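In what follows, structures are represented as structure tokens.
The same subunit A turns up in both complexes below, where it pairs with subunit B and then with subunit C.
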Partner chain A sequence: MKQINYRLYVIVVGCGRIGLEVATHLSDTGFDMTIVEKSPDALSALPENYGGFTIIGDATERDVLKRAKAEKADLLIATTGDDPTNYFVSLIGSKIFGITNVISLVRSKENVTLFENSGIRVISPINLAIETFQRSILEGVEPAAGDDK
Partner chain B sequence: MKVIIIGGERVPYFLAKKLIASGYKVYFVNKDKELCEEYSRTLNATIIYGDGQSKAVLDHLGIEPDDIVVLLTERDRKNFFIARLVQEYYKVRNVVTFLNNSENEDLFDRYGIRTLKVTDLIMQNIEPLLFENEVVEMINDEASNRGATVLKVDVDWDSKIANKALHELKIPDGIVVVGIVREDKYLIPRGDTIIKPDDKLILICSEEQSKAAMEIFFL
Partner chain C sequence: MIDVLVVDDEKHVRNLLSKMISNAFECTPREAQNAEDALKISEKEKFDLITTDIKLEGIDGIEFIRRLRLRGIFTPVLIISAYATPDDIASACRFAPIDYLSKPFTQDELKKKIKGLLEYRKGSFERYLREAEGFIHSNVPGDLDKAEQIVRIMFSIMPSSPTPHYLMGEILEKRGNEELAELHRKAAKALDVNERGYNRGDEIETD
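And then the complex of A and B:
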């Protein structure tokens, strides 16, 4: 894995399937990492070579994000399974702790606009799936005769 | 203009009743099916069974910018999310919400969401009681078994000491009134302080004088 030489501090909220992979990957890449998760059980699923910090707690509570040194974070990634929780954590991160880059998982397609309008970068699994399907379907389709694009 | 109440259990019922009596149109949204069935029988309001966090549900309500949205779900994050949905999609100007964790007030303020700080309200109410308790316990710790006792006197409307100034009671040596708890205040009494019904008096007296104290304050 390629190492990067500048230090960015990243907080990942939620250690579900996606949060876990993202955190592990980022820590492999060389980011300074903290993962915040409510359930100790979920944290035990982290691989042994995960090199970041872990905090057990509810990220919607201020003291938990303070313990994670949110005011020093360059990036916050919200990956819980609940859109209102992700939205709330994202905005506490950006508006209260002043984190400039906030990315959130958005489960329900209809919530994407609200997140985007609030200045949060959105990862929408369903939209990603749809786009990927479309792309792979379109790639397999021969351009119709006379269509020179 | 209509009032839309989302979430909650009994508060929405009484709230809705008052609003309906004053002639307002009330909508009630709740995830609890039984509650919705009950209210559809007892309230002259539009009852919607569904999750207020879902835009698809909110779309049914025909929300307009001058409607008032009252949020009573049990979590701050849910109330915040719904508040932002109705602001963003229907341009609602007035949103009021329960706030459990007062440290979240700054975020709600930033988006112009009015908050009712339930925890703070309860705290304000019990703080004087806690303080009164602490005072009594503190003095008791120092006084007990050393020849003095602490007494607490609840003043009723028909109490003989009500509406009298302390100096009128001719309190003898060995008895001191150290505090009067009145509503949310702790008063440091003086001779001209008037005792009022519903006051709580905290007094300390020597063991020899405790009988005299009982006669003055209780009989």
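And then the complex of A and C:
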């Protein structure tokens, strides 16, 4: 794993399959990490090499993000399986704790605009899948399309 | 290069602390998951710094520090905890040198705290050194015993420093125990990698 020589403090909310992988990957890269997760069982799935802190609690509660020292975070990543939770957590992070970089997982395609209009960067698995399919199909049909970056 | 003992009951936190400390100070910290093990380790090995959580299974962090001090181990301790109360901090402060860092923290914050404690250690070592020198060279009866007590504390603060051995050599020489004095002088020379020797009033070397 390539190590970076600058350090950002990143809070990942949700320790599901995606949150766990993202947090482990970022801690390997050398970021200062904290995972906030409601269920202690989910945290037990973290691999041994995860080099970061864990906080058990509901991130939609302001006190929980305070315990994670959200005011010092450079980046907040919301990865729970529930769009309203991700939206709420992202808003608390950006509006109350002033985190400038907020990225959220958005499960439902219909919610993407709502998140984007609130200044939240969106990762939409459905849109990503659609784009990837489109790209791979188009690549096969017209290789010189010029839109594969 | 420093020797560090990391005490925490959570494996993730121990991993994280070891990783952060080894990155910042190029060393491989020893780890203990409870205070009982940590006490056993710190009786056998000397450390420049110990980090401990407050909430530990069995003996808690504050009691652990108290027992360290009772055993004559004055290694600086960095308390790392998410839930320390002002009362906890107040009771820990009696066992200086102590500092506190709340979880979660960044590598830079940890590095700053450790540097602060190591600096403090150097400062207190120097104060003890001047005090011990005063007692060694005074002719008041009983002062040599006071000097010896101080030198024993200096041994526990900086176990790898040759200075306490030089001082012990002088104390024993004054008492006429030439044989033991010579052993301490030899130990001092073995630790004195830069062969600076010791003269009264010398500044001490940094790590």
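Just so we're on the same page, the second predicted complex is superposed on the first by the 141 of 149 C-alpha atoms of A that agree within 3 Å, B and C clash if a C-alpha of one lies under 4 Å from a C-alpha of the other, contacts with A are read in each partner's own complex, and residues count from 1 in each chain.
Definition applied: a residue touches a chain if its C-beta (ideal position, glycine included) is under 8 Å from a C-beta of that chain, and two chains touch if they have at least 3 such contacts.
This structure is a prediction, so every number in the text was calculated from the model and none was measured.
Because the two structures share subunit A, they can be overlaid on it, and in that overlay subunit B and subunit C fit beside each other without clashing.
In the superposed model, A:L46 lies in contact with subunit C only, and not with subunit B. Of the two partner chains, subunit B is the only one that A:L114 touches; subunit C does not reach it. Judged by the touch definition given at the top, the superposed model places A:F88 against subunit B, while subunit C stays out of reach. In the superposed model, A:Y9 lies in contact with subunit C only, and not with subunit B.
In the superposition on chain A, no contact is made by A:R17 with either subunit B or subunit C. Applying the stated contact rule after C-alpha superposition, one finds that A:R135 touches neither subunit B nor subunit C. In the superposition on chain A, A:A68 makes contact with subunit C only, while subunit B stays out of contact range. By the document's definition of touching, of the two partners only subunit C reaches A:T34; subunit B does not. When the shared chain is aligned, subunit B comes close enough to touch A:T60, but subunit C does not. Annotation: apex subunit A, arms to subunit B and subunit C, angle 90° (C-alpha centres, rounded to a multiple of 10). Smallest inter-chain Cα distance, subunit B versus subunit C, after superposition on the shared chain: 22 Å.
Residues 53-56, 75-78, 80-81, 84-85, 88-89, 101, 103-104, 106-107, 110 of subunit B are the ones touching subunit A in the complex.
Chain contact summary for the complex, subunit A toward subunit B: residues 60-62, 83-85, 87-88, 91-92, 95-96, 108, 110-111, 113-114, 117-118. Residue ranges on subunit C touching subunit A, taken from their complex, read 11-13, 15-16, 19-20, 82, 103-108.
Touching subunit C in their complex are the following residues of subunit A: 7, 9, 32, 34, 46, 48-55, 67-69, 72.
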